[in-house]
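The same chain A turns up in both complexes below, where it pairs with chain B and then with chain C.
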Partner chain A sequence: MQLLTLINKELRQEMRSKESIVSMTVFGVTVILLFAFAFNAAPVEFQRFLPGLIWMTYLFVSILGLLRSFASEKEMDAFAALLSSPVDRGNIFLAKLISFWIFIIGTQLLTMPLFSAFLNLRLGINISLLTGVFILTDWSIAAIGVMVSGMGLRTRMGEVLVPVLLFPLLSPVLIGATKITAGIFRGETLADFNFWVMIILTFAVIFTLVGYLTFGSISEE
Partner chain B sequence: MLTVNNISKSFHHKKILKQVSFEVGRGEHVALLGPNGAGKTTLLKILAGIVRPLSGTAELLGEKLFTENSAHRRHLIFWGHAALFYPALTGYENIALFLALRAEKVSPESIREHLERYHLEGSKKDPVRTYSAGMLQRLTMIKLTLSSWQLGLIDEPTTGLDIEGLEFLKSLSEQWKRESKTLIFSTHDADWVRDRADRILLIDQGKVAFDTREVKTADIQAVMQGKF
Partner chain C sequence: MKSYLSYEKNKLLAIGTLIIVLVNLYLIIFVAPMVPEQEWAQRIFYYHVPLAWNSFLGYLGVLVFSILYLVKRDPKWDVWALSMAETGTVFAFLILITGPIWAKPIWGSPWTWEPRLTTTLILFLLYIGYFMIREFGGPYERSSRYAAVLGILAFVDVPIIYFAVNFWAPSVQSHPQRGIGGHDPSIKYIFFFSLFSFTLILVNMIRYRLHAGRLEQKRLEA
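Our next item is the complex of A and B:
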């Protein structure tokens, strides 16, 4: 019940302010357009870089979204009210994770067509497989991102700490997601990149559990 | 009711609280006094579960504080310097959210009635981001009024209140006294201490420097002027 109340709070806040989704989408569009103009390569060449460009875009977008999402906790120190309430802190983590996961997916739904329009993303790929990879990778990004942002919330250098910690922690996940996405673009099957799926899945499970169990300690001053 | 044993806290290698110990009985209204930077806010935040102490223990109604178990926090409520609301949500939504998180059974009509009583009905559809400091304080009073708690940890409650807001707070303070609710509040308002406190706890340089249940105007003046 607490978890549902907290998720409802996150979604309601976003519906009111539209700060995360709008800033993530606008930033995503900007990065995609920058890539399109900066890499003035032939369409065939793009196919090699595209998986990396896609995940780099969503890494930047995620960092911006995380900073926005936690900024609302800081503005009137509402997070202190959460911490002083009889709320299980693991539930605070899960609510942030689930809502942020929804925000990333929403942003991707809005911006992915631009990869097709400007960066020559072919439409004849296995969409259901690609969707599965996005959902799993997004969960890992959200789990690691929310945990690191929780740590940054109570430190003066939080906005610097989040990207500095997030880049190395997310590297294996993003490498895996890029490899799988490239494989899907080449028409390969899931069996060809089992290893990377397991890596992403492991990160998703570990960071969800670690975040749930330790969010209380890491988010207190 | 509340027992605090040897609480210490440091920030950036600077010791803020040094082995602070005290006990508070049920229904006591304790004025936590001390100069700026003495550690009053840190102590209140530690008791509220917002800041983790470096060492020390505390018990509230027989339940240990500073543990992963969140259940004991149903007995306490914190009113801090900041408003502690979600800026994009309305006053009604913020109150409803915090009552839901505390599992309080309060009807929507009751929240609306209180918004009217505290003269916030005109802003009930506005996000609290647009509220003035005084309006936010009144909203906090509604939160405290509609919640069931035993220990109120209140950091400078009179800041930002206009005359009407102060009257609301005085009335609440009397109500809490009648209901034997325990308060620990920090303030720099000597009159408020004289009229509302039945105990003074002076924190200075991170330690309990003075503790008395005989609240005398001369002592308050001396504490406020830093003569202890």
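Our next item is the complex of A and C:
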């Protein structure tokens, strides 16, 4: 119940300001455009790099979103108010995680067509499988991202610390996601990259748990 | 507080370690048998592998003391975690140096995406972040709390990174160290002696860092 209220608060805030999704989408479009300019290559060659480019784009987009994710708490010290209300710290973490997860999925829905338009992403692929992979990977990114940006919230160099900490922590997820995406582009089935799904799933489960348990220590004054 | 070496115990430990390290060097250079095909390059293995084991020992310590610190909130455990992290990272850095030195003549290129080497590199980067958060995390109490959480996150991440990297580039050959002990039993003895001497170096460094950390703590309290 508490959790639902918190998620509701996050979503309503976003509905009114549209801060996160708009900034993430615009930034995503810019990055995709830059990739198209930087790799002015033949359509066939693009197929090899595309999985990597897709996930690089969404990692950058996530960083931008994560730096904003606690911004409203920072202003007027709203975080102190949130913490002084009788809510479980773990639930604050889960609410942030789920709302950020929804934002990044929303951003991907808006920007993925551009990969097809600018970077020759073929449409004849297994879309439902791809969607599943995106949803799972986004959860992992959100789980670790919310932890790290929670730390960055009150540090002097938060904007630097968040990417410096997030990229190495996320490396197994990035490897797994690009491998699976490449597999889907080649027309492979789920059985061919079972292992990578397990890696990302393990990551998601472990860091959701660790985040839930340790968020109290992070959010303390 | 007196200086580190003015304590009788520390002095004995340091002198003992120095002697053992010198003996170890003698054993590695003059006694250890040559391994066919690898010749001198193989000898860095007496240096590289103990470094790796001890570095992970240090990082395991970070995990344990970070959890202790988060539960008990006693700054004592934070000093322990920091000492372990710093020495572990020095060792990790040396792994990253010695790995390519060995790989250049044996594999023909200084860097391959060998799973253990890659995992160490990522771990090293994570701990750079760990020290950054200690430096820029704000007041002491808060930054050490953040660092403790990160110490746990980093250690939990390591096995996942290792498995991911291992299957990321399956064509990269793994360390061929398992079979080497079979050539000559003396290799094993010298290796374990080397491991022992490097562990002693680690202990010395951690004790020294703890001493410095406690002095720092005193200054903060004063």
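What we mean here is this: the second predicted complex is superposed on the first by the 220 of 221 C-alpha atoms of A that agree within 3 Å, B and C clash if a C-alpha of one lies under 4 Å from a C-alpha of the other, contacts with A are read in each partner's own complex, and residues count from 1 in each chain.
In this text, contacts are C-beta pairs under 8 Å (C-beta built on N, C-alpha and C of every residue); 3 or more make two chains touch, one makes a residue touch a chain.
Computed from a predicted structure; not experimentally measured.
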**Request:** Go through the superposed model and pick first if A:V164 touches only chain B, second if only chain C, both, or neither.
**Result:** second
**Prompt:** Touching A:S217, do we find chain B (first), chain C (second), both, or neither?
**Reply:** both
**Prompt:** Touch check for A:I125: first (chain B), second (chain C), both, or neither?
**Reply:** neither
**Request:** Could you look at A:F195 and tell me whether it touches chain B, chain C, both or neither (first, second, both, neither)?
**Result:** second
**Request:** Kindly classify A:P172 by the partners it touches after superposition: chain B alone (first), chain C alone (second), both, or neither?
**Result:** second
**Prompt:** Of the partners chain B and chain C, which touch A:L110 in the superposed model: first, second, both, neither?
**Reply:** neither
**Asked** Residues on chain A in contact with chain B in one complex and with chain C in the other?
**Response** 217, 220
**Prompt:** What residues on chain C touch chain A, complex-wise?
**Reply:** 70, 122-123, 125-126, 128-129, 132-133, 136-138, 142-143, 145-146, 148-150, 152-154, 156-157, 160-161, 163-165, 167-168
**Request:** Provide the residue numbers of chain A that touch chain C in the complex, in ascending order.
**Result:** 144, 147, 151, 154-157, 160-161, 164-165, 167-169, 171-172, 175-176, 179, 195-196, 199, 202-203, 206-207, 210, 214, 217-218, 220
**Residues of chain B touching chain A in the complex** = 11, 45, 48-52, 68, 70-74, 76-78, 80-89, 93, 97-98, 100-103, 127-129, 136, 153
**Prompt:** Where on chain A is chain B touching in the complex?
**Reply:** 2, 5-6, 9, 12-13, 16-17, 19, 72, 75-78, 80-89, 216-217, 220-221
